[in-house]
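Each of the two complexes below includes subunit A, the first together with subunit B, the second together with subunit C.
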Partner chain A sequence: MKSYLPPEYLVERSEERCIRCKVCVNQCTYETHSYDAEDDVIRSKDENCINCQRCVTFCPTHAITIKKNPSSYRDNANMTPEVIKDIKKQAETGGVLLTGMGCDKPQLTYWDRLLVNASQVTNPSIDPLREPMEIRTYLGAKPDALEMELENGEIQLKTQLAPQLTLETPIMFSAMSYGAVSLNVHEALARAATRAGTYFNTGEGGLDPRLYKYGDHAIVQVASGRFGVHAKYLDTGAAVEIKIGQGAKPGIGGHLPGEKVTDDIARTRMIPIGTDALSPAPQHDIYSIEDLRQLIYALKEATDYRKPISVKIAAVHNSAAIASGIVRAGADIIAIDGIRGATGAAPKVIRDNVGIPIELAIASVDQRLREEGIRNKASIVAAGGFRSSGDIVKAIALGADAVYIATAALVAIGCTVCQKCYTGKCPWGIATSDPWISKRINPDIASERLINLLRGWSMEIKDMMGGMGINAIESLRGNRLHLRGVGLTDTELKVLGIKEAGD
Partner chain B sequence: MNVNEQDKKIINPFGSDKDFAGCSIFGMLNLEGKRFSSKDPVRAISNMHERSNGLGGGFAVYGIYPDLKDYYALHVMYLSRDAKDRTDRILASSFDIIHDEEIQTRQANVIDPPLVWRYFVQPKKIRPENQTEDDCVIQAVMRINTETGKAFVFSSGKDMGVFKGVGYPEDIADYFCLDDYAGYLWSCHGRFPTNTPGWWGGAHPFNVLDWTVVHNGELSSYGINRRYLEMYGYKCTLQTDTEVLAYAFDLLMRRQRLPIEIVSQILAAPFWSEVDASQSKPNLMLRALRQTYGSLLMNGPFSVIVAHHGEMIGLTDRIKLRPMIAGTKDDILYLSSEEASIRLVSPTLDRLWAPRGGEPVIGRVGGKEIIEAQSIEVHQ
Partner chain C sequence: MMTVQQEKAIAEMSAKFASRSKVENNASKVDAEGLHYRELNTLLRDLDRNHTEKIEISNVYGQRYIGTGLQNKLKIDIYGTPGNDLGAFMDGPNIEVHGNAQDCTGNTMNDGQIVIHGRAGDITGYAMRGGKIFIRDDVGYRAGIHMKEYMCKKSHLVVGGTAQDFLGEYMAGGVLVVLGLLLKAGEHHKARFVGTGMHAGIIYVRGEISHLGKEVKVMDVNKTDLKTIEGLVKEYCDHFNADFDDIMSRKFVKIVPYSTRPYGRVYAY
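Up next is the complex of A and B:
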């Protein structure tokens, strides 16, 4: 069938600059560029280009420019080019439209309509270059009160605290499964988390034994497919996370195509080589809250009550009530993933239409847990589209204890958010299990880039806290008086629990 | 409760989020428990006139009602007669009222004084199960302050009383005829608010039961301190940061029975670098305290004098962004924003020192020792 889809991007090459080095030919995993020896010229197939910028970045003479195809359909506010192309794609394939990364629509982002406070006159701002500025965060259940007793004239602590994760910065790497990303990416995340004093999440594909040495900084995930879950795996992690849902695709499970299931991945996931790894939509042993409680306690038993148990849900309409149930079921941490949360592969219609923005979910969950007097019984970790330290400061002020980042971490090591993760051909060597392409990620360099990002964001968080006159992150957490909204309706302000700017 | 609904319940008619104020504070405790007149405390706080702007002054006096010391003394201000009727009904339903009267006042340089009433009450014998007398009083105070609209209980302890209002502290002392009273502990406050036009309830000290707080500073952590206390049933009706300090002391010291040495480590927690220095038992306890009570860390500039029967405590934020100086002479412990005020009432002192940030100074009746951690002696 002839495709009616025009190329999305056009490759422009300056013949004057091009030195025929063939870097672009070798770097493109979509076979966009080819060298014509007869004419000594490099040609491009525009329709293959996904605009990942790999060739642009590596071209030594800056000869290549990728342009959005200026040829477009007649203007129409409803039948936009995106809509028309999607319909044509489905007419040609009869399938579900897949996509990668998080929702790319602008109307769902509240961070840009929240503003942060700073001290002027009545209290001094604090200079983080000269004064201590503390962003350490502990995740886990906290008691209502501590009991003390006097022993030989000394005050002794009687209460034993539940197990805690210690984060030197309130930023963790979110779940990205081995298989969806390569071993090198996993290793880079593990090493960066270890060196920065935070945690990486294994995702639902298990953990390669070569990375067990980073287990003290791993949150090991248990998802509906139970891929790679065994006693040693649970034992290796610092915490265990039950994955109920994911912001990019609430209500459905993960899907790793068989082509990506190579030797190592098959071994780690404990499935045959080349088979599709399909996670069921629900956890089939959790059809209600009491079932979740059983799994939480099964994992606590399995890990000797030495590790916090996290439950990750997608942010949906009644997240607050669900979160309350999860806390009462015994979870030590609730991770909430908003609608802009990314994925390696999800149906586009689900990614862009199902779930709610993380900002609203943090606000309503934190508020509900406080109203019920159980906010201290679990920490809240927010995920889904954090772009900057500013977003993180706002999330913490709304009530999150810490955040998970994934897209930002991948961008730090090369990702350009081309949204083609599901093809397995990631030209940056990230969302692939192809051993040849995977080599493009060097764990030494990638982990350094990740550490730099965490360091930069941590310093910015400290700067903003200092400006607010706060020198400990616990004084920012849930402190919504330091936020104001612009351009929000009364209802939005009410849900967020903040005032309008100027009020 | 969301912001909007809560706003409706706030009694502070000028209420913004909280109180922004620069202030003077002064405290004076006789360690033998001997009562003394208002003369020295009033002179001392007046000496810091420049630190307030006439929009708030107040005093807490302990040992003030020796003849009725077994009854809760409620001081209530009314912005309308109607509010008094409603308050009287609430009081009558929970308490036996032993005696009540209008608090004696005289003409003075104060602005818009409300009607101020004093009740001596005894909680009724028949109460909900597990409710202590103290709980009964707190519940009634919260009810009156949130439900009546225009009544406000600003003092609710036994054998102690708070007097406060809009004016310079010396004018408030004059208005309430404080020269007629004596007590063994006085804490005093002069206020310099920057955002709330004077309203009588917004002046310091803040009180719950026999706990009082006078406070100089602004809590940048107020938003979360308040939300944490709300989880334990406290309603911050005034939306001032000083109120959360009073409730924090009530929660930690009265309800959870933690000693002040521990409480000060919660409100002005040591830095992680100090906690991490060793894995000793005390350090592990400090870690548990911060993990558990992080939301009660009072962040931002403050110096406070907290008092309850038999004890006066001075505390500053952990990087000491507001001043506090302490002195002793014979049986008297002084705490003050400025040394000059102490010198004014006691030109010679046995000791004078600047407590370190985050480290409390504690004076107790019957104990000559002033309890303190490290501090810096001031050369006399």
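Up next is the complex of A and C:
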């Protein structure tokens, strides 16, 4: 069938600058560029281009420019070019439209409508470059009260503390499974988390034994497919996370196609090579909060109550009530992933339409747990499209203890958010299991880039805290007086628990 | 890392319940009456660390997770009714239950054996990738769901009676055998949607089964299949004193998936 889809991007090459070095030919995994030896010229197939900017970045003479195809359909506010192209694609394939990364629609981002406070005259701001500023964060259940006794002149803690994760910065790397991303990416995340004193999350595809040495900084995930979950894996992680859902695709399962299940990935997932790895939508041992409690305590038993157990859910309409149930079920950490949370592959219609923004979910969950007097029993980790330290400060002020980042982490190591992760041909070597393309990520360089990002953001968080006159992140957590909204409705302000700017 | 207080608490708990176990004829006998599962399992882990080879637990009334977190290949005899998640994440022990089991027996089990002298509940063998489970009588819904195999590991679940709906759902490997020994003459297996979403592994059924998931087909068994079935039936007979020839005298069929990629054509790339 002839495709009616026009090329999305046009490749422009300056003949004057092009030196026929063929870097673009070798770098493109979509076979966009080819060298014609007869005419000594490089030609491009525009329809193959996904605008990942790989060739542009690596062209030594800056000869390539990728342009959005200016030829477009007649303007229409409803039948936009994206809508028209999606319909045509489905008419040509009869399938469910796949996409990668997080929701790319603008109307769901509240961060841009929240503003942070600063001290002026009435309370002094603090200079973090010269004064102590505490952003270390502990994740896990906190006791209702502390009992202490004096023993030989020393204070002894009598209260038994629940196991905690210690974060030197309130930023962790969110779940990305080995299979969705390459081993080199997993290694880069593991090494960066270890060196920066934070944690990476294995995702639901297990942990390659070569990375077990980073286990003290790993949160190991248990999802419905139970891939790679065994006693040693649980024992290796610093915490265990039960994945109920993710922001990019709430309510549905996952599916790693057989062609991505290579030798190493099969071994880590503990499934035969080349078979589809299907993660059912629900965990079939969890149909209720009571059942969730059963799995939480199964994992506590399996790890001898030494590790915090996290439960990750997608932010949905009744997240607050669900979160209350999760805390009562015994979780030490609740991770909530908002609608802009990314994915290696999800049906586009689900990514863009199902779930709620993380901002509203953090606010309503924190509020509900406080009202019920159980906020101390679990930490809240927010996830789903954090773009900057500003977003993180706002999330903590709304009530989160820490955040998970994934898109930003991948952008740090090369990702350009082209949204084609599901093809497995990632030209940046990130979302692929192809051993040849995977080599494009060098764990030495990638981990350094990640550490730099964490360092930069951590300093910015301290700067903003100092500006507010706050010197410990605990004082910022749930401190909504430091937030104001602009252009929000009364209901939105009420859900967020903040005032309008100027009020 | 375990804090000092945690270590102290565990030691205290171990000491508190030490009187519950005594050694007789090389076997540790544990009285589980009135013990919470956490107390019972702390005790079991303690015995496991001290390399006990055989444990007999009496008066078990629904305590969960028995067998979870044990490191050695010890033998555990359970008298009474263990609770849900018996042998969850288990990696080696050999458990024999002299009674019925509840839901989720052998959840994500990696290795070992569970023998139930009675019936077992829903999702028996959920996501098990190794080891063997033998159930003398019936099982509940979704038995054998997402069973797996991997390299030298292969999960085996043998059910003496019959099963409920969604038997072998999402199966990704392993061998599931349903013998139908408790069915009356002329009675068929009633399980519906058998093998829904199945994409690897084999289900062997003795007797007739009619309502299948759309991803699977029924085939006759061949010589290799019969050898597998005979081996497992032999073990079943050894565990439960059943008559091997009688069981093998009736026809078996096998249920296998059409494709290892049942959902390969769902998406538009």
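Please note the rule applied: the second predicted complex is superposed on the first by the 497 of 503 C-alpha atoms of A that agree within 3 Å, B and C clash if a C-alpha of one lies under 4 Å from a C-alpha of the other, contacts with A are read in each partner's own complex, and residues count from 1 in each chain.
Rule of thumb we're sticking to: contacts are C-beta pairs under 8 Å (C-beta built on N, C-alpha and C of every residue); 3 or more make two chains touch, one makes a residue touch a chain.
The structure presented is a predicted model; accordingly, all values stated were derived computationally and were not measured.
Student: Contacts for A:Met468 in the overlay, against subunit B (first) and subunit C (second): which applies, first, second, both or neither?
Tutor: Only subunit B is touched by A:Met468; subunit C is not.
Student: Please work out whether A:Arg226 is in contact with subunit B alone, subunit C alone, both, or neither, and reply first, second, both or neither.
Tutor: second
Student: Considering only touches as defined above, state whether A:Thr61 meets subunit B (first), subunit C (second), both or neither.
Tutor: neither
Student: Tell me which partner A:Leu157 touches in the superposition: subunit B (first), subunit C (second), both or neither.
Tutor: Once the two structures are laid over each other on A, A:Leu157 reaches both partners.
Student: Determine, under the contact definition given at the top, whether A:Asn452 touches first (subunit B), second (subunit C), both, or neither.
Tutor: In the superposition, A:Asn452 touches no partner, neither subunit B nor subunit C.
Student: Regarding the shared-chain residue A:Thr303, is it in contact with subunit B (first), subunit C (second), both, or neither?
Tutor: second
Student: Is A:Gly373 touching anything from subunit B or subunit C once the two structures are fitted on A? First, second, both or neither.
Tutor: The answer is first: A:Gly373 touches subunit B but not subunit C.
Student: State whether A:Ala266 touches subunit B only (first), subunit C only (second), both chains, or neither.
Tutor: Only subunit C; A:Ala266 stays clear of subunit B.
Student: Name the contact category of A:His255: first (subunit B only), second (subunit C only), both, or neither.
Tutor: A:His255 sits against subunit C, while subunit B stays out of touch.
Student: Touching subunit B and also subunit C: which subunit A residues?
Tutor: In subunit A, positions 157, 159, 161 sit in both the subunit B and subunit C interfaces.
Student: Would you tell me which residues of subunit B are touching subunit A in their complex?
Tutor: Per the stated touch rule, the residues are 1-4, 17-18, 20-22, 194, 217-218, 220-224, 227-228, 230-232, 256, 258-259, 261-262, 269, 271-273, 281, 284-285, 288-295, 297, 299-301, 318-319, 321.
Student: Within their complex, state which residues of subunit A touch subunit B.
Tutor: 119, 121-124, 126, 131-132, 134, 136, 138, 142-143, 145-146, 148, 155-157, 159, 161, 164, 367, 370-371, 373, 375-376, 468-472, 474-482, 490, 493-494, 497-499
Student: Which subunit C residues qualify as touching subunit A in the complex?
Tutor: So the residues of subunit C in touch with subunit A come to 1-3, 5-6, 9-10, 37-38, 41, 45, 64-65, 68-69, 71, 84-85, 88-89, 91, 103-104, 107-108, 110, 123, 126-127, 129, 142, 145-146, 148-151, 153, 169-170, 172-173, 197, 199-200, 260-269.
Student: Which residues, counting only subunit A, touch subunit C once they are in their complex?
Tutor: My answer: residues 89-90, 92-98, 157, 159-161, 163, 224-226, 229-231, 234, 255, 257-258, 266-267, 270-272, 274-276, 278, 280, 284-285, 294, 297-299, 301-306, 347, 422-423.
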